[in-house]
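The following pair of complexes shares a single chain, chain A, combined with chain B in the former and chain C in the latter.
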Partner chain A sequence: MTASPVTAAPVAVRATLPRVRAGVRRLSWRELVGGGGLVAFVLAAVLAGVVSPWSPDALAIGSRLQGPSTAHLLGTDQLGRDLLSRILYGLRPSLESGFAAIALAAVVGVLLGLPSGYFGSVIDSIVTRILDLLVAWPAVFLALAVVLLLGTGELQVIIAIGLAEVPVFSRLVRSIALLAARSDHVVAAKAAGASAPRIMVRHVLPFVVAPLVVQFAIAAPQALVAEASLNYLGLGTHPPAPSLGAMVSEGQAFLAYAAGPIVFPIAVIVVLVVCLTLLADGLQDRLDPHRGAERRRP
Partner chain B sequence: MWRFALVRSGQLLLTLLLASIAVFLVIQHAPGDPAQVQLGLTATPAQIAVERQKLGLDASILHRYLIWATQVLHLNLGKSFTTGLPVTSTVVTAFGYTLRLDVVAIVLGLVLGLPLGLVAALRRGSWADTAISAFAALGLSVPVFALGTLLVLVFAVHFRVMPAAGAGVPGQSLLSALHFLWLPAVTLAIPFAAVLARYVRIELGEAMGEPYVLTARSLGLPRRTVIANAWRNAVIPTITVMGIQVGRLLAGALITETVFSYPGIGYLTVQSIQSLDYPVVEGVLLLGAAVFLLVMFVVDLVVGLANPRLRVQVR
Partner chain C sequence: MSAPRAVPGAPPGAPPGASPLVEVSDLVVNYRVRVRGARSHAVVRAVDGVSLTVGRGVTVGLVGESGSGKSTLGRALLRLTPAAGGAVTFEGHEVLSAGRGSLRVLRQRAQLVFQNPIGSLNGRMRVGSIVREPLDIQRIGDRASRPQRVRELLDQVGLPAGAEHRYPHELSGGQQQRVALARALAPAPSLIVCDEPVAALDVSVQAQVLELLKEVQRATGVSYLFIAHDLNVVRHLARETYVMYLGAVVERGASSSLFERPRHPYTQGLVAATPVADPARSSPPPLLRGEIPSPMDVPAGCRFHTRCPFARDRCRTEVPVLAPTPDGGAVACHLWEELPRAAASGGTLLSGR
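Here is the complex of A and B:
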């Protein structure tokens, strides 16, 4: 045991604060399947330029709305564009926006929640009121307000989803900072004359990391669904840039002629979301001892 | 309880006020000059200046907010840019459609979700439990728009038993109105039922493991009575979750109504934003926030009635 701030924390705090369990456990099937799936999707998106058999925007009016064939493995859409290629390229905005949005929410959440929990009183009240206003609306309304102010686009989608997730992250960080701020090692650091920002970063933030990772994983599938939904509503990427949500809304008008243009993108979204959910469940079991115990109870 | 209700009403009014300020600010900063919009492209700068004064756009922002808020309180939100109809009646008509859809969706969700949760909780570890949990997980993973389009594909395009879009004609019989409601209502009900089933399963399952249930069992009370006792404790968190889900139906309605071109408040919202019809946007955002906050308020009161301990949590 070294004298790092985390291990120096008193037993009482260790019992109350969530933490990374000592030792490395083997990967659970959830983590394996979910993580493996996620890696596959990320690879597919990154390598879209190499793997795609066609350009995602290559029109071929002669071969519109075709079923799967050797030339077009998943068939073509209403403009004769190759569905497989469009799905591969369409994964990019989904993954990028989804993760960027949560990263944004996590950063803002820490910036708001840490001082809010550490200082309490006035700062806490102000931050809580602001966040109450954010959760007073369904997330979609928030997204619409962002689009109204900033127009449609990928960046706007990131801001909209991130904004909706900020309260969750901030409250989480606040609740842990509140506990940690009263623990002996923080009092000791204060007595030793450490500045408030230093204490927050060195002596409080470490406790926040594990729960933050879990929350990140929980928010990921939600953010992905939100991204696809906003694109479905036509508030995200601009055509002809492919995105999974927009592909479904474009294909809907031609449902009577071909099911492929909506079925394949939907299947990809669902599988991706299921993978992320499994991964989140696995990580939660690994990093949150309380929940793990609950789950093991018969 | 009265104190709790009073404090909670105060909070409701405060949040409503803040929400109205937020809507006002968003509309104020939205691109486009209302005076220019009123007069058209041919207006001279002098005419625009006069119009700005007439519309009160040159006053201070607080002054403008007060004027605007007075108008809102008198239910006067102006006329739609696209249809020329008063915003208030447009929004109210659309809300009627949404209400109808939501009621059917909630009933379907309850009828589907509660029994599934009960069965899963009482037969933990059985194949039925596994199947129900899988259904719930899938119901939460499939985005609403995907579920909606898949239902259209199966029931409207393939089997041709349901209409794919719209709400029928005004003044139709209840039965034909319902015909248009089934698909969107099921789309909304499935995630609702999934959440409900999950919560009932967890809460009732936990309650069934409590010592008092063990006592009741060992006393030889009939199974029905034992379950009824555990149910009372399981139902409170379930009510909270249900309330939150009812609030979320509003958000779900936005996407579902777009999928089915159903003329409710959600479809109106998306349409008005895409056509930059600001008066209507204002109307739907205000109504949406008010309804959502009211639902949350009612949920808190019901939970407070059901469980006195939670009343203390007034901050």
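Here is the complex of A and C:
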């Protein structure tokens, strides 16, 4: 509010820095650790081509199943490939399909949940039945069904995980739309002649966004684990492309000779999931009015 | 300000001004309520055959306890709640069966102001967008002129310059209600249904908002259907008042005579229950006892007989109809001619004047 748009650029930059610092100070430790960790992982995945010491597919038959060393920081796998490089490259499909799956679930959830909650009656019944159908299937069978129909691959994994997460998002959106549709500001918009799509987009959707972000963060670790599981089952990326789940399943056979190929990918998944969970907790605290007192650091 | 549009289906040869603005006859609004344990739905008659007329440029009061169906009536005549029967005519056009075209006119010419101002404003929108929205929806003016119109509207309701850039939660309750009024005024309506517009405000702010409503009426000639449970507020504003009880009108009349000499025992009770700022006068014992009965189980005969101190056998079996009174009003009571005329507000019921 203080800086006027006419001030010169360097002044504006100097004025922004303290504001950023103040913003960071207002974050809870959960948001700081979780968000910081997530940013680090995303950076590592994006910059895998730059920071990886080796190519993820470079074979070195002479140095198979080695422990950590200065040449290979996390050691090598059964084909002598550098584990650190494969993990860095493997992060990318994990994060990509995890987030794409949840984005898909969120979009479909909004498209189903918004009219379901807003209109109620027949539309609500139809949508609820469709969701019941999805929920009735265990997620793994759902994934297998998708793979059976569409074949294996990253896109199929995204669709499978996304479908499994749709009911959660749709129900969340529906419950909020149900409340918003009966609020006075929606009645006022109706009285002014607003169409149903306009009301849904302008007067209901804005109230869905914040809880949706929290749900996104809650669903993200689940989706990452699901992605790794599907790859572990061999339903995702095709070898030799690296993926964390596939690395675990490949390393399994050589567990008796070296733990590295299976322990390090699992450790990365665990840390990533912990970061996302912390972030989700932090965001939930921030948006829950009843827990306002404890979210602020002294 | 836009002139009333000609609408297909208008009765021929009815010049605007000749007919009343709103004419409601025998309106019925039902709610279906799921009864616990029962397989079928119970039907609640929230509004049970109400007739009402609102003239042009005037304020009509509608009073009653909570649960009397007054808000439902207000929403049904704007077609925001489906009606089960009866007819509503607005500016000469039938409302309940209106097609797209007539409905569009209704959405422009009739607006609504709510009790809870913060709830009636979208908290994610700035004041400017809130007031502008009806203009966008109805395509009133062109894009370039709308901000200017918004500015005029905010000015008209007494909001300071720059208010359009604020969010509703940054404003006081009175200012929020001014925003709601500006939004209602945006499409230049001829009717605003005010649903308890000051009940949620501080007393000092109430007076300001009521004064503003009067001022706006003088400037624009808009009519108000003013729904309230506070009789003092209605008396201050409305020329004519309807009293509703359990979904039906029990008394109607000019506000002056209705509040000075209420005829229906229920109105008498309401008037007697209104606090009077006079320490010398001891408050009379309350005439209205108990709660309003459930609208799912309306008493037979006169719907007020369960709480009426004068009820006789006839009242328990025979439904009274609205009968005209000498002072131009109407009352739905078998006994109104025999009952002692109540004294003015605050006086004891049985002692007369």
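Note that the second predicted complex is superposed on the first by the 264 of 298 C-alpha atoms of A that agree within 3 Å, B and C clash if a C-alpha of one lies under 4 Å from a C-alpha of the other, contacts with A are read in each partner's own complex, and residues count from 1 in each chain.
Heads up, the rule we're going with is that a residue touches a chain if its C-beta (ideal position, glycine included) is under 8 Å from a C-beta of that chain, and two chains touch if they have at least 3 such contacts.
It should be emphasised that the depicted structure is a prediction, and the values quoted were computed from it without experimental measurement.
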Exercise. Clash or fit: how do chain B and chain C relate after the overlay on chain A?
Worked result: fit
Exercise. Looking at the overlay, does A:A194 come into contact with chain B only (first), chain C only (second), both, or neither?
Worked result: second
Seminar exercise, completed: chain A contact check, chain B vs chain C, more residues touched by chain B
Exercise. When the two structures are overlaid on chain A, which partner does A:L144 contact: first (chain B), second (chain C), both, or neither?
Worked result: first
For this session: Return first, second, both or neither, reflecting whether A:R64 touches chain B, chain C, both chains, or no partner chain.
Result: neither
Exercise. Touching A:S183, do we find chain B (first), chain C (second), both, or neither?
Worked result: second
Exercise. Just chain B (first), just chain C (second), both, or neither: which does A:F207 touch?
Worked result: second
Exercise. How far apart, in whole Å, are the nearest Cα atoms of chain B and chain C in the superposition?
Worked result: 8
Exercise. Which residues of chain B touch chain A in the complex?
Worked result: 15, 18-19, 22, 26-27, 29-31, 137-138, 140-146, 149-150, 152-153, 156-157, 164, 209, 247-248, 250-251, 254-255, 258-259, 269-270, 273-274, 281, 285, 288-289, 292-293
Seminar exercise, completed: Residue set of chain C touching chain A in the complex reads 75, 78, 80, 103-104, 107-108, 110-112, 114, 116, 119-122, 124-125, 133-134, 137-138, 180, 183, 186-187
For this session: Please name which positions on chain A make contact with chain C in the complex.
Result: 183-185, 187-194, 198, 202-203, 206-207
For this session: Would you tell me which residues of chain A are touching chain B in their complex?
Result: 132-133, 136-141, 144-145, 147-149, 151, 221, 225, 228-229, 232-235, 245, 248-249, 251-252, 255-256, 259, 262-263, 266, 269-270, 273-274, 277, 297
